[in-house]
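Heads up, the next two complexes both have chain A, just with different partners, chain B and then chain C.
Coming up: the complex of A and B.
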């Protein structure tokens, strides 16, 4: 029992914090943070664990969003099924194009993904306008049926659903971090040749990571679709390609909770500062420069070791074993 | 070449683009034999090891282990066959702990018995939870060799293992290599001639990409004989 608690306690603490934040912050803001955290998590895994920077996350977001939207607009009304189909769409697309993309070096990888975001944008806006309705988008809010237990059409219930889903997702990524596969991903980033000399197929490792990360992004797209009841090509606008990368760096690249902290900071500043300054992006940009100069660890990357020091020092004084586990 | 040879390299030619680096290399290694390759910097010793390890595709020639051809195999498939390459650069997975580095070796080979590793390198037991990036040069070399031992490799390809190490650690490595040869064949590239003379059963001298001498007699493996090829 204690082992399970020790494994989960960081996740429980973070989500308890989010639960407490809900008391003080508006529901739409919290829903936005949760979904945006999930969106960023995929980028964080690719960049932090595998060393791939991707400016194409809007493409996979759109795949998930439109996968869900097509079902809810044309075929059915159950949002749960819509979300599943959005995830499946993301999985299939990333599995199909992954073998081509993951062969590339990090800089070319970034560019080819950006190209994909542009391609998907124009596909949705122009080429497939007959089914996507182009800029007018697909509206299906009133088509969605009420669902048992948690009615996803209700924003409070939706928050609970995404809260539980996000917790499960963070547990999954924590498991990945602690697993051999997570170590392989990090080893691929550090020194791919050395990993091959040990007998690992680094191509497969990168491909699997690509699928995991972009399926996570597609999940975020599916959630946005159900939350807003509307999807348009704006989801995959190339102008927003840097958003998840910015939030990843802001939160702390490769850290487990960086996406959550980054999403809170980014969304908070966007909402707060935009009330006073039209060009709120200027403040975000300045903040990023400061973070880079201060050591590139991001907000959570800087906070985590300090918190760990405080918590483990206190636990040592009170006689609890630290088990050598210094990571939250 | 004889029937009991474990690793056989025949007429190997390797190029980097248009630039030919190895010319008709022939090399044989028997089980539990220590074969040393000596030569000047740029002679092609590392290129030879990397070719055997599957990292470089030969322009022509044959490389086989137990009569199975390695040419055209991916480097991770060569490693799975029990041919482990330990590069010269002493770079480990710095963000992983010593334990995690060894676990990577274990998972790939399904060998979770670390006793031989810690028997050869007791220091690693104390360093299990330390991030590999914080190890000294000697400790990294121990970790790299220890990790390569997992899975009972048939052949260890070791590239300049004692470069930059303190004399006491070099002596320890010498004893380790002697013991290791009871388990695996070793092909070692070294410029430390006393070490070569102490452990090698056979020496290949490589000059400008060619084998210029093969010394098989134990009484001829001496520093002054090998030195002429450096």
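Coming up: the complex of A and C.
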């Protein structure tokens, strides 16, 4: 019993914190944070666990978003089924292109993904304009039917839905981190030869990780689609390609709470600063540079040892818990 | 397709390829030697373009503007290298990339603060047209191509005939050995970075009359420049030249055939090349680090 509680308490604490934030912060902001952190989680898993840096996350985001949007615009009205179909689309696409991509080295992987994002962008904007309505996008906010229990058209209900979903995903990723599979993923990043020597198939491990991460990203896309009730090629615009990577590194690569801390920080900075100063890019850019100069651990990676020291009065061995890899 | 359209398309592609080449050479050198992905080259590109605009409106001569843009871009890149990159060369490649992304973002903020949001036009310095096979071609585009070929020649001479250039080439192959020979590699890094920044400024200045100068112009060319570097093979100057002209032609000819192809086709080609030859066209096998 005690062990189960210990396993859960970190997640519960985090989400209690988020629940409290809900009282103080406006609803759209909270929704944005939650969806963005789901978006970042996929990237975080790829970067922190498998060692793949990807500039093409918007491509998978768009796959999920358009999977949902096509269903809601042309066929049905139930947003839950739409989200499921978005996830399915992400799963199919990433499973199909995975074998081609995961063979590549990390830096090439990043750029091939960027290429994919650009291709998806122009596919949606121009080539498939007959179906996607090009830049005008697909509007289906009024087409979504009301669902019992949690009505996704209603933003406060939507918040609860995303909240539960995000929590489940966190538990899932924490479980992955603890499992042998998670250790294998980390091993492909750190020492692939040794992993092969131990008899594991590094290609399969990478492929599965690729599928898991990009399905998560597609889920975020599906959520965005339902939340806005609108999908346009802007989702996959190449100029936003670096966003998830930046947020991942801002939060702390490979840490469990990095994505949410990064998402809060990034969205918060963007909202807060753009409220006061017209050119928020300057401030965010400078902050990024400063954070990178201060250390490579990101916000959570820096905070975690401090917090652990204060809360548990434990002394962390220096250089041991730097990446939040205590569990391994 | 009719010949006149084709010829003007080829010239357009060549001039576009020249701009990409000037930009990509900086990225390629930075990656090859220092192992950093220097997104802030796109900032020096915008700085070069904006200074060309400013100086051109004051003096009325775009060439002085291009020179001024190059100089300022070089100075800015020197400052950035001293204050930021010198501290993070040792780090993992992703961190330098995010830091350079931050610099690019901050720089865009500064540009918006100084010059405002509105796109600015720069007059074309040479309005003369020549006729090639019955097609009117703007001389300026030919000059852009000539300048980029001159730069290629200059870079080639620098890398092959001077001792600093030879050290840089050796550094691309194996930085530890170069350091072991007693060469101050950090000075090499600074020199390379300034060359890269200056060339990016030149690219911006030359590109300014052909497009509208606006604050996010760097982000717009970013994917293409990356693609050029990747197709050519990281760290290879010759590969960069070939792939820049290839990409320029693909964009220009592609847009003649079917407009959306202009943006998509280069990426499809890059995807193909990488899947067949993961090191790019001229990528060295020694670069496995």
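Everything that follows uses one rule, which is that the second predicted complex is superposed on the first by the 313 of 328 C-alpha atoms of A that agree within 3 Å, B and C clash if a C-alpha of one lies under 4 Å from a C-alpha of the other, contacts with A are read in each partner's own complex, and residues count from 1 in each chain.
Please note the rule applied: contacts are C-beta pairs under 8 Å (C-beta built on N, C-alpha and C of every residue); 3 or more make two chains touch, one makes a residue touch a chain.
Predicted model only: the values in this text are computed from it and were never measured.
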Which of chain B and chain C A:199 touches, first, second, both or neither: first
First, second, both or neither for A:96, with chain B first and chain C second: neither
First (chain B), second (chain C), both or neither touched by A:186: first
Partner chain in contact with A:168 - chain B first, chain C second, else both or neither: neither
Touched partner set for A:21, first chain B, second chain C, both or neither: neither
Partner chain(s) touched by A:111 [first = chain B, second = chain C, both, neither]: second
Contacts of A:282 with chain B and chain C, given as first, second, both or neither: second
Residues of chain A touched, compared between chain B and chain C (which is higher): C
Which superposed partner A:242 touches (first chain B, second chain C, both, neither): second
Residues on chain A engaged by chain C in the complex (per definition of touch): 47, 53, 100, 103-105, 107-108, 111-112, 114-116, 118-119, 122-123, 125-127, 238-239, 241-242, 245-246, 249-250, 253, 278-289, 292-293, 296
Chain A to chain B touching residues, read off their complex: 180, 183-184, 186-187, 190-191, 193-202, 324
Touching residues (chain side chain C, partner chain A) in the complex: 37, 84, 87-88, 91-99, 101-110, 112-113, 216, 219-220, 222-223, 226-227, 230, 234, 259-260, 263-264, 267-268, 270-271, 274-275, 278
Of all residues in chain B, those that touch chain A in their complex: 53, 55, 74-76, 79-80, 84-87, 91-96, 100, 103-105, 107-109, 129, 147-148, 151
